[in-house]
Structures are given as C-alpha cells and as structure tokens.
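Pasting the structures here.
Across the two complexes that follow, subunit A remains constant while its partner is subunit B and subsequently subunit C.
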Partner chain A sequence: MIFPDRSGFFHPGFFLALVLFAAPAPALAFRIFVTNEKGNSVSVIDTDKQQVVETVPVGRRPRGVSISPDGKLLYVCASDDNAINVLDVATMKIVRSLESGPDPERFALNQAGDLLYIANEDNAEVTVVDLAKNLILAQIPVGVEPEGMGLSPNGELLVATSETTNMAHFIDTRSYKLIDSVLVGKRPRIAVFNRSGAQVWVSSELGGDVSVIDASSHKIIRKITFDIPGLTREEIQPVGVVLTSDGKKAFVALGYANRVAVVDQQTFAVEKYLLVGVRVWHLAFTPDEKLLYTTNGNSNDVTVIDVARERVIKSISVGLEPNDLVSSLH
Partner chain B sequence: MFGKALPIFGIWAGLVAAAAAQTAVSEPQASPNEAPWPCAQRRTPTISAAAVWAGPDIAKAGDWEQDSEAAALAEKLASRRTPLSEIGGLLDDFVKKAGADKDQRLTRVFAGALALINRERDRIIAGIAHFAEGQERLAERVRKESEEVADDADKGAADAKALAEAKVEFAWDKRIFAERSQSLTYVCETPGILEQRAFEIARRIQEKL
Partner chain C sequence: MIDRFELSLPWLLLSVALAIRVAVVAPARAQTASPRIEVRIGYIARQIPPPPLYDLTATPQDEGVAGARLAIMDNNTSGSFLGQRFDLDEAILPPDQSEVAAARKLADGGDGLILADLPADQLLAVADALKGRDVVLFSVSAQDNFLRGKECRANIFHVAPSRAMLTDALAQFLAVKRWTRIFLIVGQTRADASYAASFRASAKKFGLTIVAEKPWTFGPLAQARGDAVTQGAALVFTRAADSDMIVVADEEDNFGDYVPYHTADPKLVGGTQGLIAASWHRTQFAFGAEQLQDRFLRLAKRRMRPVDYQAWTAVRAIGEAVVHARSADPRALAAFMVDPQFSIAVFKGVAASFRPWDHQLRQPLLLAQPAFLVALAPLPGFLHQRTILDTLGVDKPETQCRWP
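Here is the complex of A and B:
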C-alpha cells in the first residue's frame, strides 16, 4: 500500500468509486455482500451481472453482516477474532475493528446507525456498543448461546434468541432491561419484526418451526410448520427468515432441507418450496425486494430468487461456507 | 519432558475442540450410542432423494439398473473422476437419444447416480468411524509412551538404552498419529463433497426436464 489507509479516503478505489457514482447509474444494480465463514472473506456480487466481482479478506470466521443506514459502512462479525470489522463499502477495506465481547455471531444495527446490539454466543450476553465511541454501553445477560437479534422498527424493542435455552428474550432498549422471555421451539435462530412492528417471527432450527409472536402481548399467535414429502422432520431446519415490507410474503430458509419456503404473511400458509442449494442458512432481499439471495453453506454458493415469480434464477459460486449476506442500499 | 507430549495432546484436543465447536454452532447432539465420530462436520445419514430433487417421483420412473444406458450414465456422473463441468455435455448426449420417455429416463439417471453416490458415501462414513477407533487407541498408546519416557528420564541415566528406545518409539507413534490426523481432516470433507455432487447432478438433470 502506498497510502496510509486508515479512513480509506486516500485509497485509489475511493476516487474510482467517486467516478462511478458520478456516472449515470445503470438501472438498479446492487451489490450483495456475502460472508464466507471458512473462507475468512466477503464475496461481493453485482446484481446486474449476477456474478462475484470482488472477494476481500476479513477477520476469522466471519458470520453476521449488516450495512449502515447510509449504506457507506459494512459491519462483519469476525467471530474467532472477537471483533466486528467495519469496512468502507466504497473501498471494501477494513477501516476499524470494534469491541464486540467474546464470539460475536450476529447483531442488529439501530436505524440511526449509532448503536450495535451483538449476540455473544459464548457468554450468554447481549452487548450494546456505541459505534462512534467504540464503547460497550451495556452487557445484558440472556439465555445460553444467544444468536438471533431482531430490532423493532421504532428501535425500542430488541428480541434476542438463545439457542440452548430455547427462548426469545424481549429487551427494552432504553433501560437495557430484560422485560420478558418467551419459550419457543428448540434451537431458535433468527428473530425478525414485520414492517408494522406488531409481530416478531422466530425460527427454530431443531423445533422445525417458525413462531409468530405478538410484539405487545408476547404471546405466540401461530407456529408455522413445514412438511416436505420424502423428508423427515429432522431434515427440515428453519434458520433464515425475511418478510416483504408490503406484508404479503415471508421466505424461510430450511437448512438441511436445501429449500426456501414461501409463506403467506397474512394466513401463515406455506405456499411453495424452492430447491436452492445445500444447507441454506440465510436470506437477503435487494432494497427493491425484487430479488432474494440465499447463502448455501455446503454447496459454497448463493442462489438468486425472483421474488415476484417465486422462482430460482441462478446459482453463483462464492467462498467457502457462505454464512450471512446483506445488500448494498444503492 | 512433559513439553514433548504436549503437541500430541494439542492435535487431539484441537480435533475434539473443533468437533465441539461445530456441535455448538448449528448441529444437534449425536445420539450417545453412535460410534465415535472424529469429524468437525456433522455425521449426516444417507442423502434422501427429496433433499436434492424436486423432479418426478423416482419410485415411478422404473428400475434404473434395467435401463443400461441410464445406468451407464449414472455411473459416470457419480464417479468423482468425472469433473462437474462435464455433466452438462454428458446429459445433452443422453437427451438426444433418450426418445419419447426422456423425463422418465432422466429420472432413472438421477436415481442411479444418487444410489451410487450414497453407496460410496456410506462406505466412507463407515471407514471414518473405523479409523476414529484406531486413532483413539493410538492416542492412548502415545499418552502411555510419553509417560514412560518421562518416568525413565526421572530415573536418571541408569537405563539410558531403554530411555533411548522408548524415545524412538514415542517419536514414531507421535508422527504417525499427527499424519493420520492431518489426512483425517481431508477425509472428513468427503461426505460433504459427495453431497454437493449429488445436489449438482440433480440440479443439472432437473434443468433438462
């Protein structure tokens, strides 16, 4: 490196990016950032070309990934480094590493983009980090092996899942107090709020179901189960869940079943299964919600789904053991 | 003296820790009556057709072994000597001469390839379990030898010859153990690679239906 590169500002890529942004943008090309858990890297997919355009090294065992509300920074859990890497999206260089507490697996970023809520798998805590100050504000004890982190749209309620305790923990983000814990199916993985914030959907990998929880009463409204002919219940392991913002569809990644389930958000009926890749873990929409991408941990690829037609378009090879993914905002 | 024994425990402990870590991530506990399983990867049973296939029912496609062309192609596809990049071409050739019941015959090709991959995979999984038992016994022997070397050394130079012999034996077993452990990490990846292969074959065949 010729230039000191702490901020990324002096990197030649920054100027290149400026030029690219200044040029008239092609119709809605996004970039998908995929963490490769075993590859210790992030693969960057161009949604126009539908191929990997860049692979960048990050910390060890990268898993959860998120993007700042302004789309400029990428946050990556480097689980084996006990840190969060912050990458400049324009240069794809690591500009900072943040305090995270031990073994960070997944996290949630608030809408203001100044607070990060991190699940510390090893010590049964949720760590709250002030991003500007790189300061741990609170460590909230929860159940064993916390993983999923869902933040309500207004940012007031955080739901953390604990894989071993089998609970969804409701946390008040103003007081950092645990206000309730709801027992769900075995090995809960992901918690995600719907657009209105009225419901939290929690996937249970070993329970084989998705619990839909009323966000104010904390009661389970519905348990969605999945039935695929020829597969045993043990092979159907829901992990990733995403909900369309129009309140119509939900997509659930079913792990060992190698399929994504399409669910009606209103009736909770499972409508369809899409065969994607081996060990499908997580899902991410492009911001226009036209395309859905899945990480397939054991076939080392990402599947592209046409959301409107509910069809698989393509598989794209990425690094070793892709885990999580997120789209660029622009 | 103890320091010499450490690398061995390091390897074994590393293997066990890796297995434990993997269990902690996303895997359910193995049932206790199963044979020892030394891989970080979860031991997954036979690949079921439904896990990789969303095409026609394979039970209704007829016996693949009775369709010699389908069986020959299945064998070629299942073999790891055939690069995945050649699958498309091989399938195209088959489709050209498959005739009116093309879909049915392609389903047979899939059924055959899956059966053959599962056969190989089951054999490898059994081999890994057998290997793990042998490695456990060797680990125990290395541990005893390291203790003996330490004991002999503590006794001083009284039996220098015995000490030298014990050291040689210890060094050999230690090396064999380490080399086997290394090859194990490679072997452990094979069931997963075969599953990827089954999925890829299924995907390519479904594209032709």
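Here is the complex of A and C:
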C-alpha cells in the first residue's frame, strides 16, 4: 500500500500514550476499505466502532486497493472486468472506471496521485496509467504473473515482482525502462520500500522468506526466514509486508501459518508471531500507525492488531475472501 | 498491442466513450540480442485418435503437448531477462512408428531433455535405448508403480504421480472421514489390476479394511448404455458386505461412472471415477491456479487436464533448474533437480520437488468430484519427518528402486 506523507499523524506521544494506558483509544476514527475477492464488494470498517459499517458492490474479483493522496478517491482493481474502479470515498459510489490493461491484480499510486502503476497478471506486463487523462503511458514487459508493486518514496524507482518468474524487476519510472531483474525466493508477492528508500523488502510465498534488497546495488542483503514450532516450513507463506515509518518494526503476514510476524527493521530479527485469521495475506496500518489490519482470506475476516503493544485485539467478519485493504486518511 | 483492446468489445466501447488513447507501444520483450543459454526440449507421444462424437470426456488430440507449449512460453518470458531461450521439438507418432527411433532422432538433433508421454513399456524401451547418452527423460503420463520401483531407470524423472500416490491420497481422505470399510470393484484390464493392487497397499498403510472385492464382469456399461437385464444383474451384484464406500478400479472409464445410483444400497463411489485423486482438475482455482488455468484456456481453447499439467510441470521444472544451475547440460540439470535446493511452484500450495531415491516428483494431489474440489492431499494430520508430501507414494525405506 502506498501512503502519502503521514508525518503529520506520527508523533512519539501516541506510542507513549498507548504504553501508559495500555488500551487503544484512537483519537481519530478512520475507515478501512477491504476488497472481497469472491464477494465482489468492498467492506468498510469504522476503526472507532471496530465493525463493518457499510458494504458496497464493485466490479468483479476486486483485489488490490489504494487511496489517493488527498484521501478522496479509492482505487480498486476489478480483475475480471479488466478495469480499475474509482470510488468517491465520501459517497462510496463508483465515479469512473479506468483503463488498466488485462487482469489488473495490484498497483502502486505515485505520491502526486496522478500516475498508477498496474501489475497485469495475465499478460506479464506493468501498465502505467495517467489518471487525469485515463491514458496508458507505457506497458513494460516483466516476468510471468506480475503482482507486487513497490514504488520508492521519491517515485523514481518501481519494483514489480513476478510470481512464476521469481524475480523483482527494477523499473526506472522516468524512462519506463527495465533496469535490472533480481532473482528472489519462489512466488514473490509483495515489494515495499522502507521509509528512506534505501531498501526494498520482497516477500516470497513459496520460498518462505523475505528478501531485503539494497535499492541502489540491487543486491540481496538479507533473507529473513521464519520458524514456528509445530508448523512445517511449507505452511509458512509470507505475503503482506508493512514497515513502520520510524524504521523500527516490520510486520509480515504468513499466509497459511495464520500468523503475522513482528520483525526488527534494523537487525532483521523475527521477534514475535501474532495469531490471526486463516490464510492471512495483506496488511494495512491506520495513518497514525496505531492499528494494523489484516485480511484473512479463508476465514472471511479481518484481524485488528494494536501496533504498539503488538497484540491482537479483535476479529471483524467481512465479505467472501477478503484480499487487500487500505485505510482512509481522515 | 492494439489487438488486445479489440478483444473485448464492451471495453472497447467504454474506451471510446472515455476517449482513451494508447500512447506508447511497449518495447520489444526480447532485450538480449542472442541468448546465452539455449535449451532444446523434445516431446514424444503417440497420436491420439479423433474421438467419436458421443464421447463426452474424450481425450483431446493435443493433450499433454499443449501444456508443454504453455510452459515453453512461460520459460521464455522468464528467460528473456536471463538470456535463456527454450524451444520444443514435437514428435507425435502414428501407430506404426517406432518410439525408440523417434527418441534417437530427437537426441541426435540435440534434444538432451525429452518429455515422454508414453505407456510404461515404450518408456522403458526409450530409456534403455538412450542409456549412456547425455539425455534425461521426463515421463509425463505413465503412473505405474514398478517404474518407480523394480523397473526404475536413472535417466527417467517421473512428473506424473504414481498410482501409489493417487491411491494413498484417496486412502488418506477415507481415513480422515473414518469411512474405513471399503467394497472394491476391479475392472478387467491390466491397468485396473494395477490400480486395485495399489489401492490394497494404500488401504493397509492407512488402516482401511476391504470388506469385499469383486471383479466387474458386465462389460463397458458406462460407455454402451446398459439394458434392463444387465442393470438388474449389476444392481444385485453390489449387494456385498456392508461397506462405507465403493472404490472402483477402472482406468479406461468402462464402468466406474455407471456404478453410482445403480447400487442396491445408497453408496458413495470413489477411485478412478466419482471421488478421484489427480494431479490437476478443472475446478482447481486456489493457490493462484486461476492464472495457470486462464493462460492454458487462452492457448489451448480448452480446460487443462492432468497430463497437460504434468507436461507443463516438467518443462517448468527444466526452466527452474536452468535458471539456478545456469546451464543447459542435461547431467548438470538432473543432478540439480535432486538437490535439496531445487523446488518448483506448482499452484497447489506448497512447492514440489523430486525424490532422490526414485526420481518421483513429490507434489500435493487434488481430491475432486466432477464439478467440485473436495480436499487437498496430504490431508491435515498426517505427519512425516522429512516433508508431509512423502506421506503420498513409496517412501525411501520401502523403495525397491536400485540405481544400477
């Protein structure tokens, strides 16, 4: 997920308050938008009430979801419609549909909110769309089944993962040229840059690891692996990765291990596993990074995690097969 | 480029309405001038006769090879970033043509990696004829247990699941359901006898009891519609000992589909028909399989079948080995494929790999009824010290395979 600058929300005081009172009492209520892949809908969760307040129909097979930098528009990949639905966050109505290339799965939105980088899973391409003009600017060939799309904080570098080719493709967003392709673990799902832009973290679902890649040399500097007593290696399938903006913690969703790993961003040490729902895939913070939400595809629910205390606080039922999610900005 | 947008009329219309223009044509995919590694893969199979029109489940004439073609495309997409190119040489043989001569011709032409979609006797003839040469065979359809046992060959890798894996998968499911009393009906062919033997071994392994066993003697009723007299006889025939489930051994689809609803007692049916175990199924959409199903459907204009999937997996396994071994040398690739580092994503939740002791691809198997997926084997709860995938098929301590 791409968040615009959230330094306005981030303040050490939030964490201090959480430690002192040990109870989540968000000062701001956000809304979490969850795509239901088999439900063809978006569930809207109010983070104050911690319940679904609305379910809105969207195009077929909704997967990747993102929000505009001003927080006014929601972008939803409607994979089976070969389109991206644009919803007005205020009314939750589809206001337009965008050209996306075939079978869009996930995408990245740039900081200015005017360009969308879309992974076209069925035809091994990345499509770049000018949002204002609804104009395809480029289609860049990448490996088989592109999925994860990570944009560097300065917007100059795009990393696309290809699930069957097993690569992280580095793309220059000014020239639309492929600069480099880095072999990573099997079935890479997500690419996400850290706050400084120096590293890109790539999860490999079947490789069972997260590759931390140096963004300038394109060398893998660390492969983070996970070991959970009582589970086989095959059951540990990393997908979603989010990094706190203070550079301290990373959270990794482990699929059929039904857990979210808490990782130290500096030492890469795995510190803790949080038990969540079944087949946990994607993760999203609230903009203040106090709460983390997970999509649990096979238990059809969303787990709420208190970020500071690193504890699960609630499960919320949503639609059929929740896939991805994003928070409102206000 | 423009073609893609014309494929979908509604979207074209919407595109026009929104005044979309496609501004930039994509750069050509092949970015390297000449590939650093070229891999030639052979495919040898018998011609499949055109089916009679009434056959609802006829074998398509491009079964198998269509999967290999798709995997070649997948390999080349990946290979374009690494300077690797893959080509397929197809030898589809009419009945009177020698498989050994065809295989030699492929090998002489530089195909060091050959997919064999051949029955066991022809597969062994080819393997023995090519023994000592720098050629590795990938068997994509033969399920015989003896090919992984007494008659194993060092130059064959088995991508098709063995019968033992298929019957173990079914037996695991029955054990989990506690449907442990089985009435086994065995057809007249040699393959049926092999399936029945394999099921008996699986039953023993997973604690099922075969309470009755009868040969099927009423002919291919599932193919020719049964008359009333035969139907009556068949009905009486199923009044066997009290069982939880009927398992049919009918690899040629002669009678297995006839049995459900023609029984005396209400009984579920599994085995080669009804609830089946398979490497692939048209209803498999989990674990990202939808992408593979869609790609195959677009290429072949039909649904992917197990042999298509096995051929796809074989070519992808070669591609995966070439990427990591950075070589097209068959011996180097074969050595790497049995290395613990080697694995391949097969859209069934966990990665597949080859067993070093018999070159069998260990993989999850699907348990499916005609229009729905029922379970994935290995079933939860079965444990193994190495990998749970080795709960399916012949394990290392039991193998009768001895490499020469």
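The criterion applied here is as follows: the second predicted complex is superposed on the first by the 304 of 330 C-alpha atoms of A that agree within 3 Å, B and C clash if a C-alpha of one lies under 4 Å from a C-alpha of the other, contacts with A are read in each partner's own complex, and residues count from 1 in each chain.
In this section, a contact is a pair of C-beta atoms (placed from the backbone, for glycine too) under 8 Å apart; a residue touches a chain by one contact, two chains touch by 3 or more.
Quick caveat: nothing in here was measured; it's all calculated off a predicted structure.
J.: Taking subunit A as the common reference, can subunit B and subunit C both be placed on it without clashing, or not? Answer clash or fit.
T.: clash
J.: Determine, under the contact definition given at the top, whether A:L206 touches first (subunit B), second (subunit C), both, or neither.
T.: In the superposed model, A:L206 contacts both subunit B and subunit C.
J.: After superposition on the shared chain, which partner residues are touched by A:I228: those of subunit B (first), subunit C (second), both, or neither?
T.: first
J.: Contact-wise, after the overlay, does A:E99 reach subunit B, subunit C, both or neither (first, second, both, neither)?
T.: second
J.: More residues of subunit A are touched by which chain, subunit B or subunit C?
T.: In the superposed model, C touches more residues of subunit A.
J.: On the A-aligned overlay, A:L183 touches which partner chain: subunit B = first, subunit C = second, or both, or neither?
T.: It touches subunit C, and subunit B stays clear.
J.: Pick one for A:E121: touches subunit B only (first), subunit C only (second), both, or neither.
T.: Both subunit B and subunit C are touched by A:E121.
J.: Contacts for A:Y256 in the overlay, against subunit B (first) and subunit C (second): which applies, first, second, both or neither?
T.: both
J.: In the overlaid three-chain picture, which partner chain does A:Q139 touch, first (subunit B) or second (subunit C), both, or neither?
T.: In the superposition, A:Q139 touches subunit C alone.
J.: Quick check for you: in the superposed arrangement, does A:V278 touch first (subunit B), second (subunit C), both or neither?
T.: It touches subunit B, and subunit C stays clear.
J.: After superposing on chain A, which stretch of subunit B overlaps subunit C: 61-69, 79-87, 97-105 or 133-141?
T.: Stretch flagged for C-alpha clashes with subunit C: 133-141.
J.: Do subunit B and subunit C land on any of the same subunit A residues, and which?
T.: 121, 145, 187, 206, 232, 234, 256
J.: Which subunit A residues qualify as touching subunit B in the complex?
T.: Those in contact with subunit B are residues 121, 145, 187, 205-206, 228-232, 234-235, 239, 255-258, 273, 275, 277-278, 281, 298-300, 315.
J.: In the complex, go through subunit B and note every residue touching subunit A.
T.: Its residues touching subunit A are 24, 26, 28, 44, 48-54, 192, 195-196, 199-200, 203, 206.
J.: State the interface residues of subunit C toward subunit A in the complex, per the touch definition above.
T.: Subunit C residues touching subunit A: 1, 4, 8, 11, 14-15, 18-24, 26-27, 29, 31, 74, 77-78, 80-82, 288, 291, 294-295, 316, 323, 343-345, 349-351, 387-389.
J.: Can you tell me which positions in subunit A touch subunit C when the two form their complex?
T.: Checking each residue of subunit A against subunit C gives 82-83, 96-97, 99, 101-103, 121-125, 134-141, 143-145, 162-167, 169, 176-178, 181, 183, 186-187, 206, 232, 234, 256.
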